[in-house]
Each structure stands twice: as C-alpha cells, then as structure tokens.
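Letters A, B and C mark the chains as written, and numbering starts fresh at 1 in each.
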C-alpha cells in the first residue's frame, strides 16, 4: 500500500502513523493545559468561596461537587455532548472536553483549596487582622502563601490525573493520543509496539512530575 | 545465670560497648547506672538478642545468645523485657495485651491465658481496667501493663530499660513499687535506671557504665559511699546534686 | 429546543439497567478484593531487601499510577491478543482494574506499615513471638485501621473506572447497557442521564456502607 512517499517498515506501520500519534500527543497536552488552567481558576474561586460563605451556599455547591465526582467521566462527556446536541447548538468535541474537564478538575481543586484555607491556623490570621490587615490582605499575604504549600502536592496529583483522563475524551470523537494509538492498532495489529509508545509517553510525563512532587512534599514537611 | 563475657558492640562506626564483663546470679538484682549514651540500654537489648554483638559471648542459663542455632524466640520467653516507652499494643484491650503472647507463643488455651492474665493484672492493680484500651490508661498504668505482660510469660529473668524515664514524676512511685515486690519475690533482674535512691535500695550489685565499659561493680553501699573510680565520683557528684 | 424527551424508553429497559448495576458492582468489588490481596504482597515486596522483589513491586506500582486506566485495559484487551490470548472485554476490565487497584493499594498499605512504630515489632519479638506472628497479630491489625478509609476512596475510583469497559465493547455493566440501548433507540441523553443517576446512587451506597462499617471498626471514639 503506497501513499505519497511513506516508507513502509516491516511491521506494517509507517511514518505517517508516527506523525498521527504525535498529533494525538499534542492534542492531549493542549487539552490538559487548557482544562487545568480553567479548572484551577474555577477551583480557587469555589474553594475560597466555600471557605468563607454560609452553610446554605456550601451545601448546594457540595451537592454539585459530589455529583461530578461520583459519575464516571465518560458518562459526563457523553451526557454533556448529548445535551448540546439536542439543544440544537452542537459544540466541538474539544469544547465539550474542556468544559467537562474544567468543571471536573475544578471540583476536585475546590476541595483541596478549601482544605488548604482551613489548614492555615486561625490564630495566625487573627494576628494579621489585629495588625490592621484587611480581609483581602489576609487572604493574599497570609492564607495564600501558607495554604498553597499544603495545596501544591494535591494540586499536582489532580493535574496528573487530568492528564491521564484526557484519554477518555475519545468517546465523543476527539482523537487524542490513546485513541490515535487504538486506531493504528486496529489497522496494523501491532498492539504491543504502539501501546508501548503510548504508555511510555504518559509515563515519562507523569512519573518525573509525581516524584518531584513527592520530594517537594517531604521537604515542606521537614 | 546470665553471663556476659568481653562483649563489644558497635552501631556502624560508633562503638557502644567496649568489653563488658558481668555475671547476674539467680535471685539477684543488678542495677546499671551511668550517663546517657554510655551504652546501658544497648547492653540490655544484647542480652535477649534484639541487638547483635560483634565480639564476646553472652550466656543465659548456659545457652549462648549469639550462636546461630539458638532458638531466640524460645530464649525470649525466659527473659522478660520492659521498655522506656511502654510499647503496649494499642489495638488490643489491657487483658488481650497480656493473653496474646500466651496464646500465640506459649500456645496456652484461651481459658488458661485469661486466668494467667487476670492474675497478673491483679498483681499490678489493673484488674478493673481489663477490658479497656490502653489509650485510656495513664502512663503509669500503661507501664504496669507492660510489666504484667512480660511477667505473664513466667520468665526467669527480667530486664528493665529506664522504665520510669518517660513517666510523670507523680507516677514513678507506683511503678517502682511493682519492682520492689518483684525483688521480694526473688526475681532475677537487670535494671537500667536514673533513679539512684531506688537503685541503692533494691540492688544487690551496682554496675557503673561509662563509655561502653563497666568502671565500677560492687555493692550499693560501696559504690555510693566509697567510689573507687574517678568517673564514678564525677557521675555521682553530678547526679546526686 | 426541538426535542421531546422519551423517558419511557429508559423505563422500559429498567431490568437490563439494574442487571447492569449488578455487573458494575461485581466488577468493582471483585477488582478491589483481588487488588487488595495482591497489594499486600506488592507492599511487602517493595519493602523487601531482595532487589528483584523491590524492582518488580516498584514497576507495578509506578506503571499502575502513571498510565491511564484505559491504557491498562487496552494492554490486556489488545496486547494479550498479540500473543494469541483473546481476553473478553469483561475480563480485560477485571484484570486491568485489579492491576490498577493493586498498585494504588500497595502504596496505601506501605504508608500504613510505615506509620507503625518499629517498637511494636521489637516489643512483640521480646515476648518471643516469631516475625510472621508479629505481622498477623500486631502489625497488620493496626495497619488495617489506618488503610480503611483510603481504601474506600480507592473503591470509588474502581467504580468510576469500571465504566471504561464500554470502550472495549463491554455491554453488561451500566455504561455498556446504556451504550447499547442508546445505539438502538438514539435516546443518548435520556439513557446517559439514567446511567449517571445509577452511578451516583451506587457511589452513595458504597460510601454509606463504608461509613457504617467504619463506625463498627473504629468504635464510638
């Protein structure tokens, strides 16, 4: 089988496949970066809000967050996609993906942020206020620096989780790395080779980051 | 009898025991005193094989502790040890702390184990706490539990490693009373302690350890009133101030 | 919106959906039990002094935690196929979930083991207990209490990951049944809403049962 100058390797794979996977990898990374940025902003916002506001608001948010964390991601992708479909305003898979992943990661991040805010000793914050610092100053100069140390390792875990979860978006038609790999496999039947490369890609990104986060956590604790 | 012959022990590059010689005869109490880091605790943990020695020999009733073919688990049932940090089992009730080893090591039946445990608890005045978990006991009570747990195994020898050092001063007395009773009953004991008044009262022999060596070994009267070694004199001066 | 909801199509196949819920539970619980069993060995393996055991254990843990679960399912479903071993989608999910759970649980168990003071071992040994008995009667019971809640957390992940079977053609769990039915009736929104509700209900159920059991284990402290 020939197609404009591609070289056929013994296994049936050709160079075009490699670029196909590379594209998939690029999309995985972009999806991750965009979603985690939006998710972090959302999570910070909700987390601080929940740390501050009254029980009623807290409860509503809590319920929503609970739902997002108890329903599998694939179901969420398909559901949101179906919703936009029937509402007549169909959106691209990338849009749906970013929407769902941002809310999903935002939910987890908000929990982590809330714990981080609560981890800052009230006594320290009172001391700041009694020096005349405003509520906002307290947040910015006291809560944020102290809290973010505790929050950081958990945040990294969420980022890594999100990076791996992008592999699910294939169900609504977005071709990221793992789906690209699967497509090649069903054509060439070289699962070990292809999956090996795919797995390696995820591994060499996730492993160093998580190890570094572990060491960071140890340093902070001592 | 416990026989310690020319024992040397190091932790890596740190030499902790520098040629210890000691004999503990049946029914006698040997109290080991000395400043922190002198090697006293290490000596105890070598006797029941929890730590290995590099040179020398230790014999308990003729059995060499460091010989490869020695059944250490069996040997340890003859030697009871109580530690500074009590080390009770937090997930078991007071009673079960005692019955565990009786059932699992000495293979005693449930009923027999319970009877022995109750008897020991009565001796250390903890019978009412039998079904309570150790986290609800005071430090002194936990230490008495640890003693009862070791005694329940009917050991021939008891080793005590600074058992009052982690206790509130108010609670030290009740623990030392337990040791006085043991002494009266004729138990062979090696006691490492800072409590010098108690040492004088209870000991048949005092060993002063300094930098891994026994510098003075004599009756309490001799050691406290007429110390022969300079280091002993210095130590006693500081300690009895 | 130019769409009429047809919830009755979902209601008509409620038995199939409920059966699917059972399969989902089955996959979740089975993979957790098997994962826990393997996890204990991996935890000890990583703490071992034999380099071979440490390497195998570490590799297992790191691959399980640093690659997507769907990737792990593909490796079983497609990967073993290359060696002529054809695994059904059900067993691919079961094996991959077990692999995944075992890796995470091993780390949880290791954390538990680490938090038990060394003195517990020393003291039990000074009573004459042999090492295996110390683990069975003193160390592991305490570890169990420590790892209980993190393990129920892992169980939630197992539940969520079980839905991935749909991607490799599993048609007997909630996601699979839903996918099958919506392909038949084109009622994606209704069916997947039902699926979402079912998963949520099961998640709540698992959490409730864990809390209740947890109260029994930890007493009324």
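In the analysis below, a contact is a pair of C-beta atoms (placed from the backbone, for glycine too) under 8 Å apart; a residue touches a chain by one contact, two chains touch by 3 or more.
Nothing here was measured: the structure is a model prediction, and the numbers come from that model.
Chemist: Touch graph across the chains, line, ring, star, complete or other?
Modeler: line
Chemist: Averaging each chain's C-alpha atoms to get its centre, pick out the one most distant from subunit C.
Modeler: Relative to subunit C, the chain whose C-alpha centre sits farthest away is B.
Chemist: Quick one: report the Å distance separating subunit B from subunit C, using the average Cα coordinate of each chain.
Modeler: Their C-alpha centroids are separated by 47 Å.
Chemist: In whole angstrom, how far does the Cα centroid of subunit A sit from the Cα centroid of subunit C?
Modeler: Centres of subunit A and subunit C (C-alpha means) sit 21 Å apart.
Chemist: Give, as an integer number of Å, the spacing between the C-alpha centres of subunit B and subunit A.
Modeler: Centre-to-centre distance between subunit A and subunit B: 57 Å.
Chemist: Two or more other chains in contact with one residue: find those residues in subunit B.
Modeler: Counting only residues that touch two or more other chains, subunit B contributes none.
Chemist: Can you list the residues on subunit C that touch subunit A in the complex?
Modeler: Residues 1-3, 62-63, 65-71, 74-75, 78-79, 81-82, 156, 159-164, 166-167, 175, 178, 188-189, 192-193, 195-196, 199-200, 203-204 of subunit C touch subunit A in their complex.
Chemist: Name, in rising order, each residue of subunit C that touches subunit B in their complex.
Modeler: Touching subunit B from subunit C are residues 117, 119-120, 122-130, 133, 137-138, 141-142, 145.
Chemist: Name, in rising order, each residue of subunit A that touches subunit C in their complex.
Modeler: It is residues 67, 69-76, 78-79, 81-83, 85-88, 160, 164-165, 167-168, 170-171, 178, 181-182, 185, 189-192, 195, 198-199, 202-203, 206-207, 210 of subunit A that touch subunit C.
Chemist: Where on subunit B does subunit C make contact in their complex?
Modeler: Touch residues, subunit B against subunit C: 48, 50, 73-77, 79-81, 83, 85, 87, 89-91, 100-101, 104-106, 146, 149-150, 153.
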